[in-house]
Amino acid sequence: MLAGNSIGKEFTVTSFGESHGKIVGAVVDGCPAGLRLSEADVQAELDRRIPLKPEIVSGRIEKDKVQILSGVFNGFTTGAPISMMVENKEADSSDYEAIRDLPRPGHADYTARVRYGGFNDYRGGGRFSGRVTVALIMAGAVAKKLLGTVDVDILAYTRAIDRIKMDKSLSFEEIRRRRYEAAVRCPDLACAKKMEEAIVNARKEGDSLGGVIECIALNVPAGVGEPLFDSLDADLAKMLLSVPAVKGVEFGAGFRATELKGSENNDAFRVQGGKVAASTNNAGGILGGLSSGMPIVVRVAVKPTPSIAKEQRTVNIAEMKDATIRVTGRHDPCVVPKAVPVVESAVAIVLADHMIRAGFIPKVLKERK
Amino acid sequence: MLAGNSIGKEFTVTSFGESHGKIVGAVVDGCPAGLRLSEADVQAELDRRIPLKPEIVSGRIEKDKVQILSGVFNGFTTGAPISMMVENKEADSSDYEAIRDLPRPGHADYTARVRYGGFNDYRGGGRFSGRVTVALIMAGAVAKKLLGTVDVDILAYTRAIDRIKMDKSLSFEEIRRRRYEAAVRCPDLACAKKMEEAIVNARKEGDSLGGVIECIALNVPAGVGEPLFDSLDADLAKMLLSVPAVKGVEFGAGFRATELKGSENNDAFRVQGGKVAASTNNAGGILGGLSSGMPIVVRVAVKPTPSIAKEQRTVNIAEMKDATIRVTGRHDPCVVPKAVPVVESAVAIVLADHMIRAGFIPKVLKERK
Amino acid sequence: MLAGNSIGKEFTVTSFGESHGKIVGAVVDGCPAGLRLSEADVQAELDRRIPLKPEIVSGRIEKDKVQILSGVFNGFTTGAPISMMVENKEADSSDYEAIRDLPRPGHADYTARVRYGGFNDYRGGGRFSGRVTVALIMAGAVAKKLLGTVDVDILAYTRAIDRIKMDKSLSFEEIRRRRYEAAVRCPDLACAKKMEEAIVNARKEGDSLGGVIECIALNVPAGVGEPLFDSLDADLAKMLLSVPAVKGVEFGAGFRATELKGSENNDAFRVQGGKVAASTNNAGGILGGLSSGMPIVVRVAVKPTPSIAKEQRTVNIAEMKDATIRVTGRHDPCVVPKAVPVVESAVAIVLADHMIRAGFIPKVLKERK
Amino acid sequence: MLAGNSIGKEFTVTSFGESHGKIVGAVVDGCPAGLRLSEADVQAELDRRIPLKPEIVSGRIEKDKVQILSGVFNGFTTGAPISMMVENKEADSSDYEAIRDLPRPGHADYTARVRYGGFNDYRGGGRFSGRVTVALIMAGAVAKKLLGTVDVDILAYTRAIDRIKMDKSLSFEEIRRRRYEAAVRCPDLACAKKMEEAIVNARKEGDSLGGVIECIALNVPAGVGEPLFDSLDADLAKMLLSVPAVKGVEFGAGFRATELKGSENNDAFRVQGGKVAASTNNAGGILGGLSSGMPIVVRVAVKPTPSIAKEQRTVNIAEMKDATIRVTGRHDPCVVPKAVPVVESAVAIVLADHMIRAGFIPKVLKERK
């Protein structure tokens, strides 16, 4: 599968569709038979992309309606490929013709044009748009349902917007309960308020902000992952870096671990409740590429939205001369809130894949009567 | 290739061998025919792992001698799989029997034992040892030779050890020339001196340090990478996270980009020498997962060596009770210097793979007379 | 991609959908950008499945109408995944409830039930129906269009039905011109008439027939294929055996070669028009798994349709006791005619994949103005 | 893994080495941990390639001695890649320089030269030699040991040499017991005698013979295989066609099924010993690409050895003119006997892969004390 639109080995996702084409779709292959699954399950995840406050997002509010087209029969997965699709209804392509030869800084306009000899669908970023993350949400909905059968639980939330960082330490339960209360998806509501203000201000200035998303996976048993190239962190990193706008990923203490001594960074083992546990979790739940039984903790760096109203320097690529561009149209001043469920879905897909690979989820969930 | 010991789609590497087994080996499949290659080419890369100053490394100095066993005929690659091997000569397994049931904190001892039901070779970390990076070095030597035919050049160097960070901005040429002068592989020699001292001090304390390695790839043409899941940054991240001790990866401005505004982070395009270039490189040479023609810039976080002389708390896993461990034997107080050529090799392998995939390197390098 | 619904490495096909579900679909990933492609191109291939004479086929005549949902923009492929779909309109599931616990001999009813713990969609064979070959036809249409850019031409036709074998030796041109004239897809029209009669007779008896399909690929240059496991014949065999009802495959002289001496079977090389050619083609155009420049010749054995009106012995699987079944509903007395375009498509997909792999088709077909 | 030297998804084999290079080797990745394995196990399989009667084989009698270099510790597999190797001791390259520009008819000399631009190792066929099947034997030895843990048993034997066909119907037990008694690996000893004579006669004439090998796999449970592209027959066909000299493959009744009516070819189900069985086995144990619980039966067509002493017409490829060649050196007049254990190994590898995929073999065979 050289062209890069499929990922996973047991639980695999093939993504297709473009920002301003007819549809965005996903095929999940390898989902075990016998999982109770309905369009409502997937719809619920899609709905989480819809922002609560219009002032912090773009005007394009996609009320995506999922259709499951195959792989589900009488309410259960059959073991056959699950194909899912949403139509693109809100796409307005009129803004893009004007800037066809003016690659937007920070976007894939230029690189995609080079790669595909000008044949790429350039409207709204085409295949390179954040819009295609809808496929991850749909596939992630299946993955989360599947992981639910073995009690694995995944929580992503906003950890920082620009320089506003959430420092408060909340319990998993608090994070779970509150992360969707604030439009910015930060469970520390006081902090969330400041984040919102920062986004509103950036929008007013015709500018944009980035941020950090943290994702925690609970109840992943020890021993999930493969050695070396398919280690759990390697596969999570690959998946997360494939999400548009993500520029970095770290596990546990991550980059901060480089400033710790071994005696500080090592998580001491101890017996707890008859099982091996660790006193701290600088490893982020992964040792040697295998899960340790501690929570998996991963953070991603999301860059500020490249589409900004401010005038920017670029190149007219047809005439090969310097030019300026002012990106009009509807754009999010900060994609972090919308990216939160995407990160959660991405992590779910990788964990579903590796849980099957490690033998913790069977190929048929249970015999049917 | 579910078990995870192979990577790459066109230029692929299969790694095998253990820390204290007979050999460490690699098979490179998919290297174009017609590349001039000798054991000396590979040996030169292996020799770069040998540290200059014994005081900053472990006592285990492996003078690895490579053998190329297939895939090369009359001095050129044939298009058949290239198998390479080094023997493990220096392995001393005596230290490990004593601590077989005491998983070392920060190591894969515990997770590997769970994953493989106790059948794993636990000596020196077995398959999970940093020793297996020798396979990456060997395969990377082939990749670098191949990339040399299209002038792609890759430079890794130490950017930080513990809190000692190289701030000086050096030219590529200076980095290339000086990075191997200092034992710590930092081209800022004043900074390198401080890093060395820090390592020597950590060793005296029975402790260890981590650090940051930066890798720059020059002359990668625009348009290399696949969209989405096989984007260039996703594949680099996967490869780099598979290197033992790496806990984070970031591209260009990376995590720092989360504190920039869009107007600051976007790299403005401009025409330079008749080509599209960018004024800054916050993107690290990658836009939408495709190379932009600017230098590829990636940094990895290397955690402090988990093997330390200080006493640590662990668990006796046979008796399932709390215990302590003092890891004896020869261990690097800081693996960053040794990891520098590994990171370089890892990046080279991914770039060789993607350069072939994007059509910049042909399947046969030239017709032979 | 462990679950088996994807095939190919450069030009890849992911198949989804069931016989009596909503749709049958395919995603083609890895098709080069810049190929002129329209729904009409794909529709033309789908229409070739529609039989000319109702008396030799089932009552289910699917007038499939293709939709291309992504990957094509302004009339050309973009390099993004091409998703295609047809709706299932003619499916009548009423016949299947009655025989749900009575696996039809020769069908996958029993094996699929075991494999998927009873969760499989059993209606009309579900995922195991010949209906899913529509995905191959759609993907094959893209492959054929792509191969057309390098003049590769693929012709499949009926070589035998039951014991009626086409012995006449026709030129490629005659085969091309006449193979679709007869409803049985045999270009020897006298022979075709006998085949038709045999099918009509079998139908009257409530029985069914099998046959042999030959496929010839012209203008494949020498050197296409990979050594060993991905040799051209190995990949063709895999693809063709995945077509329902195919029970054997042979290349060139095939099984007959086992009765020839080396001196008879070896195809002598000779210089012809300044190029290396062969006097005979017992190798079927493949030597050592690589194309030789001679026509690729492959034959497949298609078993008689398992669905027959005659009473058959089976097992009531719910009660685990012997039973009988009479398969009602609309069934082809011989699937060979419908399988002819499927075989052609299957061969086209494998050749498109390998032509890209061997470098004979570029990743972008031409620069666009 | 585009270059084609790896196969399998769970139980994977990477093959390397050339006919006249230093070694032939294999890496098995994905073998479950906890399998008791020694070099003696592999050696026993290698020894089966050694022919009993020198008069029916080439002078090159390779007493291959296997070394296991990784993946086994304390007598058990560890879950890490198992690398194995034999040295090439008997290679005599002197014959090949003279015919370097004269491609041998029926060999890959010409096609490999085109494919690799003349860089291929042409000595003795290099990578395209039957010699590389030693890698299959080694990997197959591991697969057979693994399948033994679930009682799957695989028997290959010679079914025909030239026109001498074994018609006698022997029980599995008789086949198992006698197939290695005769040098030609045919368990019908009277028939074997005639086969031997035919081979001896062909050798005298400077000619060669082909034949048919049948392979039977017993005790494969129902439900093994994936739908569609990774169906069990598709994967077996791919693997078997990758064996040099194989030109066809068929399952169960195979090509003969094309002359049967549906009512004759369908295997009626019946309850036997409380399980679903079939009265006949025309399907060869595979329905819809999934195993049915009946014995898997597959036959391959092996072409006559292309290397013959008789003069043949070829082309001098350097001068591009017609020429003749007389292949000297040591060549088997019939490779069928040597191919018998290769076919058995090939089938074992595919079954091991699919048995793991279907969940019939766990990732760790048992917890170790």
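Think of it as A, B, C and D in the order they're written, each chain with its own count starting at 1.
Just so it is clear, a contact is a pair of C-beta atoms (placed from the backbone, for glycine too) under 8 Å apart; a residue touches a chain by one contact, two chains touch by 3 or more.
This structure is a prediction, so every number in the text was calculated from the model and none was measured.
Remark: among chain pairs B-C and A-B, A-B carries the greater number of C-beta contacts. With chains reduced to the mean position of their C-alpha atoms, the one farthest from chain A is D. Mostly identical positions are employed by chain C and chain D in their mutual contact, as over half of the interface residue numbers are shared between these two copies.
Annotation: 46 Å between the Cα-based centres of chain B and chain C. Distance between chain A and chain B, defined via averaged C-alpha coordinates, is recorded as 27 Å. Looking at chain D, residues 2-6, 9-10, 15, 79-80, 115, 127, 227, 358 sit in touch with two or more other chains.
Against chain A, the residues of chain D that register as touching in their complex are 2, 9, 79-80, 227, 358-359, 362-363.
Note for the complex: chain A touches chain B at residues 2-7, 9-10, 15, 103, 105-108, 110-112, 114-115, 125, 127-128, 132, 160, 162-163, 202, 205, 207-212, 222-223, 225-231, 233-242, 244, 247-255, 257-271, 274, 276, 278-279, 282-284, 287-292, 301-308, 310, 312-315, 317, 320-322, 357-358. Those residues of chain D whose C-beta lies close enough to touch chain B in the complex are 1-6, 8-10, 12, 14-18, 21-23, 25, 27, 29-30, 33-34, 69-71, 73, 76-83, 85, 115-121, 126-127, 364-368.
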